[in-house]
Each structure stands twice: as structure tokens, then as C-alpha cells.
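In the two complexes that follow, chain A is the common piece, with chain B as its partner first and chain C second.
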Partner chain A sequence: MARINVPPTRSNLLRMKQELQFAREGYDILDRKREVLTTELMRVARDAEALQRKVWDLLAAAYQALEKAQMTMGRERVEWAALAVNKTIEVEVTYHGVMGVPIPTIQAHGGPPEMPYSLGDTTTTLDEASAAFREVLNRVPELAELMVSVWRLAGELRKTQRRVNALQYIFIPEYEETVSFIESSLDEREREETFRLKWLKNKLEKQGQSAEGR
Partner chain B sequence: MKVLVIGHPSAVLGFSLVGVHGQVATTAEEVTQALDEALEAPDVGIVLVTEDVAGLIRPRMDQLKLRGSVPLVIEIPGPEDIQTSRPSLNKVIQQAIGIKI
Partner chain C sequence: MFRSGVAGYAAVHARVRAMYSTMLTPEMWARLREAEDFPILITMLKETVYGPYLSQVEDKDLSPRRAVYQIKGRLTDACMAAISMVPEHARPLLSQLYRRFEVDNLKAILRGIVTGSSWDQVRYVLFPLGSSTVLPAQAMVEAGNVEAAVEQLQGTPYYATLSHAMRRYTAEQSLFPLEVALDLDYWRTLWSRVGRLQGQDHQQAVRIVGSLIDTNNLMWAIRYRVYHHLSEEEIINYTLPFGHRVRDADIRAIAAGADIAQVVTGLYPELTGVDELLQEPRRGLSQLELQLRRYVAEQCRAAFLGYPFHVGIPLAYIVLSEMEIDDLTVLIEAKSLQRLPEEFVPYLVLGGGMPERQATD
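Entry: the complex of A and B
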């Protein structure tokens, strides 16, 4: 494991210890963030998956109905009928934050008119297709909200996961290693110092004795 | 704000029956251009892109789905994709982001 390249001094030891502490706190916070994101993501993903399946089924039916309408009326007449539809659903997007991730909330109001085109020159297949697409459209805002939430949460989770891993497996061990290296070299220096003092003391004492002996 | 459809002609026609505007696109250039316009437009809240053309610009689509701002971009199956078996949402996310839910 690599250690940070700093000279082993007492002030560096203090600094490294502070930074290690800081990294550990950061790890705790990020770890908690990861937990919250995971729970939230699991909840939203389950809802999204269910709604998605439902909307896809409705959409499959809608495509079939549309095909029938095109077969009985011709594509152009269907397009003309569509021209008569002048109102549709309106959506309002607002955001709320989950752990600093903006999650959209969509409010939908209004909708297409029940019978926008004249009944005279259209067929019931067109009505069916139109009704089927209305069903799909009504669920689009909720689906968009859930899907975007899932993607955003998953993206943020990946980022957090990376940071947690970097702290856990690289930064914290690096600081720990550096701290223990500085501590041991300071200890080593202290031992040398004590030994030197002892040696000096011995020498001085000997000198003193020989001076007295003279 | 409004909903907008980009992609397969049938999807665009179908949604036009309920008043949703659409832009037919079948090639990568067309869908890129339509997306650019949709992202610029001030009154578009949700963009639906059919999967057949979304697949042509996969990296951009994944990036757009991760993005937080309006309009929200999501994919819907086109008439041809809808019959085929679809990967679950978990799989899609695992592929795009590398996170297993």
C-alpha cells in the first residue's frame, strides 16, 4: 500500500491524523447516503417496473387499434381526424431533492377532448384507437416521473458508490499507513535520542570519575 | 408544458389522435435534429422517443435520461418492438450504469 510522501515530523503527524479523521467522517456520511439512495431506488424501481409493464400493454393495444383504424379508413383520413384535435394534456414539472438528487414531480392537467372530430366521416375503429392512446397518454406523466427518478437515482448511486470505494480502499488505508509510519519513525528517533543521552551521561560520569581520581 | 413524440410514424400518428405533437424520425440524423429542437423548445415538458430510433443514438439517450433538467426524456416501444420480449428495467439500468438494483 502506498503511503503519502511527507517528512515524518510531529506537525505532519497531527495533520495526517486530522485528515484521516476527515476522511473517515466523509466515509460515514457517504455510506449513509448510499444506503438512503439504495432504499429509495429499490422502491421507485419497483413502481416504475410495474407501471412500465402496464403502459407497454396499453400501448400494444393502442398500436393494434390504430392499425385497424388505418385499414378501415386509410392513413390520410386518420391524419385528417388528428388535425381536429386541438387540446391535449398539460404537464407541470417541479423538483424535490432526495439526498441532493433533484427528483421530478409531474403534475398533469387537462386532456384531449372526448370527441374532437365529426362523427359523420369517421369509423368506430378510429374512436377505439383514439381512446386507447388516451389511456396511454394519461399514464405518461407518471411513467416519465418514475423512469427519470430511477435513472437519476441510479446515476447518483453509482457516483456515491465510487466515492465510498475510493475512500474505503484507497484514501483511508493510505492515511492510516502514513500515520503509523510517522509514529514509528518518531518513536525510533526518540529511542535513539534516549540512547544518545544515556551514552553521553555515562561518558560524562566516567570523565568525572577520572577527573576526581587525578 | 407539452408532451412531444419523436420516432416511428405510427407512434407519432397515434399520439396525434390525442393532441400530442410529434416529429417523425427514422435515421440517426433525423432523431438527433428532432431531439435538439425539442430540448431547445421552451414549452416541452416530456419527450417520448420510440425505441427503434433511440437505439440509433444509444449513448446520447442514456446521457439524456440521466440528466435532471426539463424536458424529461423517456423511451417508449415502437409498434415493431412491442411484441418482442423486453429486458427488465433492472437489466437496462445495469447495462447502462453498472448498478444492480
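Entry: the complex of A and C
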């Protein structure tokens, strides 16, 4: 196991212990953040998935209706009827935070006019396509809000997970290893010191005895 | 003094009959329906009366869009021929009938202006009216804004209608008031032209133009209510208070929320399965629209039966020619989208395999 390359001194031991404590606290906080993000992501992702499926279904129906309109009216007349729609929805984006992640809230205003084209040169199939796309358009802001939330939460979760993993598998074991190394080094040094003192004491005692004998 | 009856229509009858005989036969329709793809369909069409129109463009440039544009040229020719050969008193009616393509062109021009399209973008979506149009199309597109474009229409039949509707356009910045004003004015004028005819001409015109107006008016009222959720007052304002079978009271009933199937069945007892079709109105309306168009086609074919010296013959021929081109548009689009026959045949009015020539037998 890797350890931090610091001299095994008491001051470094204190510093390493403080940093280990700090890393453990950071780990606890990030682990809680990960849990909150996971719960929030699962909730938003479930809603987003359900809405996305609905929008895909609506889009499939809308494109089918558009194809039918194109087939019965000719693509040119459909395109030119569509040109009469010169207004669309406008969106306003505001943000709120979830564990520091800016989550958008998208509010849609306005929309295409209720009667974009006159009925004289169009058929029912175009009305069907127009109604289907209007329904899709009404759902798009909500889907965009959920999808962006999912992406942002997932991105933040990935970052948090990386940090948690780094703390759990790299930094905390490194600090633990370093603390353990410094402690064992200091113990070893202490034992050596004790032995040296004992040896010195014995030597001094022996010198004292031989002096008395003379 | 009108030259009506046998004297006025003998030559018209013979010439229109000759032109009518060049329309696509049931056998040809069957072959076209079975064409494997778009290029084969075009090859087959080149063997018909549409050949000269399609041959004006090189094969490599003949996209579905361009093919539809080219075959419309035949309708222009058919209309111009019919208008030129009818007696003087019937000409305003046919000219007004033909003017619908001009109204559609005018709407396309206005849409082009609103979306900032160039003349080159607009020109190929316009119905090819040739020199017969009164619209200064290029000048209007180049005018750059709707107000200036409408001013260019001074001296045409559209100026008064559009300048009256401009106030709402200015307030709402939507083309709808202009477009609906054009549509309503067109059909009012057409109906008034029918009213000026007499005898057999009047009867035949009422039957054909009346059934066209009925179909449009009825479908407009239903579409406004079902798809666009307009109020009762708006529906009444945007529809016509007259018709052949469909009367103001029927439109008002639909606008007021009456059962659509009941109103339609009351008006057209010969239509089958209306109740089932309209159980889910949004699904069944396109089929109802087709049934009504087939009914108009039957009225047109009936004009070729019995006493033949009247305006009904050229009138019916123009309407049927337009339906034929609409059906060819369906075929061209369906083949280019590689659709199976069962997917597009229900949308064919004349070419769907029903006995279309029975009226002349």
C-alpha cells in the first residue's frame, strides 16, 4: 500500500492524523451527498423516462400524421401551410439547487396560434398532424427540464462517486498507512533510544565498578 | 342574348367529352397503384396524358415535389381550354372556379413574405397559372412586407377583401384573418356566379359547385370545432351561410355542439358507416372527408349522364381533373415514401379502384 512520503516525526504524525480525520469527515459528507443525489436522480430519471417514452410515442404519432398529410396533400402544400406558423413557444429558465447542483425549471409561455392556417387549401390530415405536434410541443419544456436535471445530477453523482472512491480507496488508506508507518517508526526509535540508554547506563555502571576496584 | 342549350354547348360537349376520355382509366389506375417505386410510376405516367408535362424536366431533376408541380400544368391547360370554349354567360363561373388556385397562390405568397422567403423559394410552390394570373407574384414577394404586398394588389379582385382584413392582421400578426377572408370571399363569389345562371346551367352548377361548397363548409365547421376548438361564434364567422344540401342551420348546429354524426347522417343519408367513423372523430374525419369528396366526384360524373348541353360538363371535367391530380399526388408521395397500397389506396378518390366511369356508361 502506498504511503505519503513524509519524515516520521511527531509533528508529521499529528498533521497526518488531522488530515486523516479531515478525509474521513469529507468521506462521510460526500457519502451522504451521494445518497441524496442517487435518490434524487432515481426519482427524476423515473419521471424523465416515463415522460420521454410518452413524448417518443407522441412524436411517432405526430410523424405518422405528418407523413399522412404529406401523402394526401403533397409535401409542398404541407410545408407551405407550416410556414403560416410564425410563432412558437418561448421558454424562461430559472435554477434551484439540489446539493449544490443547479437544476433548471423551464416555464413555457405562449405558443403557436390556435389557427395558424386557413382551412381552404388544407385537409383534415394536416389538422391531425398539427394537433399531434402541438401536443409534443407542450411536453417538450417539461421533458427538457427533466432531462437536463438527470444529466446534471448524473454528472454530479459521477464526480461525487469519484471523490468518495478516491477518499475511500486512495487518500484514507494512504493516510492510515502513513500514520501507521510514522507510529511504528516512532515506536522503533523509542525502543532504540531505550536500549541505547540502558546500554549507556550499563556501561557507566561497569566503568564505576572498575574505578572502585582500582 | 345567351347562346345556351344545344347551340351554345354542342361543340363544348364534344370537346370536353374528348378531353374527358383522356383521363386515366381504371386499368391505368390499377397499374399505377401497383408501380414498384417512384421512378417506375413516373415512367408509367409518361405514357399517359401527363407525359408531355413530365418530359419537360430531365429525369434526374424529377423529384416527387417537381413531379407534382409538373402534372399540375395539365390542370391549368384543362381549365384554360374549358374556360375558352364555354359560352360567354358561363365563363365567369369557370373563371372563378379556376381562381381557387390563384387564391392558394396568394396565400403561399403571403406566407413566403412573412417567413422572409426569396422569390426563387416561392416560385416553385405556386400553382403554375401561366399568364392567366392577375397576381404580381414576384413584385409582392420582393415588396418584403404584407402591407406593401397587399398594396400591389390594387385593381385585382383581392384588394378590397385583403385591405379590409388587414386591420386584424396588423393587430394579431397572424395570416389567418387574411387567408380566411380570401377563402370566404372566393366561395361567396363562386356561389353568386352560380346564382346568375339559368335553367339547366343553374341546376347543374348548383349540384356540382353546391356539393363542393357543402363538402368544404361542413368539413370546415367540423375541423374548427374538433381540432381547433373555436367558439360557436367564431365557427359561424369562418364558415359560409349557404350551400346546396348543407344549410346555415346545419353549420350553426355543429358550431353549437350538436352530435356531428347525427348532422352528417341527416345531410347525407347515402353515406354509410358515418356513426362508426365518428365514434372517434379525430380518427374518422379524414375518412369522412374522403367520402364527401367521392360524393362530389359522383355528382360530377352524373353531369355526363342525360341531357348533355349545359355548363355541368366542363365544370365537372375541371373538378374531376383536379381530383385526378390530387390522387396522383397521393400516388407520387406514397411511392416516394415506399408505402404499401393498403396504406395509400384509402386516400384515393378516383383512383382507388372504384367504378369511376359508371356515370358515362
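In this text, the second predicted complex is superposed on the first by the 212 of 214 C-alpha atoms of A that agree within 3 Å, B and C clash if a C-alpha of one lies under 4 Å from a C-alpha of the other, contacts with A are read in each partner's own complex, and residues count from 1 in each chain.
Convention: contacts are C-beta pairs under 8 Å (C-beta built on N, C-alpha and C of every residue); 3 or more make two chains touch, one makes a residue touch a chain.
Remember, it's a predicted structure, so these values are computed and weren't measured experimentally.
A.B. asks: Given the alignment on chain A, is it a clash or a fit between chain B and chain C?
C.D. replies: Here the two partners, once superposed via chain A, fit next to each other without clashing.
A.B. asks: One more residue to check, A:Gln52. First (chain B), second (chain C), both or neither?
C.D. replies: first
A.B. asks: Of the partners chain B and chain C, which touch A:Asn86 in the superposed model: first, second, both, neither?
C.D. replies: both
A.B. asks: How wide is the angle at chain A between chain B and chain C, using CA centres, rounded to the nearest 10°?
C.D. replies: The C-alpha centres give an angle of about 20 degrees at chain A.
A.B. asks: Does the superposition put A:Arg75 against chain B (first), chain C (second), both, or neither?
C.D. replies: So A:Arg75 meets both chain B and chain C here.
A.B. asks: Can A:Tyr169 be said to touch chain B (first), chain C (second), both, or neither?
C.D. replies: neither
A.B. asks: According to the stated criteria, A:Glu114 is in contact with first (chain B), second (chain C), both, or neither; which is it?
C.D. replies: In the superposition, A:Glu114 contacts chain C only.
A.B. asks: Would you sort A:Phe22 into first (chain B), second (chain C), both or neither based on which partner it touches?
C.D. replies: So A:Phe22 meets neither chain B nor chain C here.
A.B. asks: Between chain B and chain C, which makes contact with more of the residues in chain A?
C.D. replies: B
A.B. asks: Does chain B (first) or chain C (second) touch A:Ser130, or do both, or does neither?
C.D. replies: A:Ser130 contacts both chain B and chain C.
A.B. asks: Nearest CA pair across chain B and chain C in the overlay: distance in Å?
C.D. replies: Superposed model gives a least chain B-chain C C-alpha distance of 10 Å.
A.B. asks: After overlaying the two complexes on chain A, where does the chain B footprint on chain A coincide with the chain C footprint?
C.D. replies: 67, 70, 75, 79, 86-87, 116, 130
A.B. asks: Taking the touch rule as given, give the residues of chain A at its contact with chain C in the complex, in rising order.
C.D. replies: Those residues of chain A that touch chain C are 67-68, 70-76, 79-80, 83-84, 86-87, 113-121, 123-125, 127-128, 130-131.
A.B. asks: Given the complex with chain A, which residues does chain C contribute to the contact?
C.D. replies: It is residues 64-65, 68-69, 103-104, 107-108, 111-112, 114-115, 117, 124-125, 172-176, 179-180, 182-183, 186, 216, 219-220, 223-224, 226-230, 282, 285-286, 288-289, 329-330, 332-334, 337, 339, 344, 347 of chain C that touch chain A.
A.B. asks: Would you pull the chain A residues touching chain B in the complex into a rising list?
C.D. replies: Per the touch definition, chain A meets chain B at residues 41-42, 45, 48-49, 52, 55-56, 59-60, 62-63, 66-67, 70, 75, 78-79, 81-82, 85-93, 95, 101-102, 104, 106, 111-112, 116, 126, 129-130, 133-134, 137, 140-141, 143-145, 147-148, 150-152, 154-155, 157-158, 161.
A.B. asks: How about chain B: which of its residues touch chain A in the complex?
C.D. replies: My answer: residues 1-3, 10-11, 13-20, 45-46, 48, 65-66, 68, 70, 72-74, 76-77, 79, 82-83, 86, 88-90, 93, 97-99, 101.
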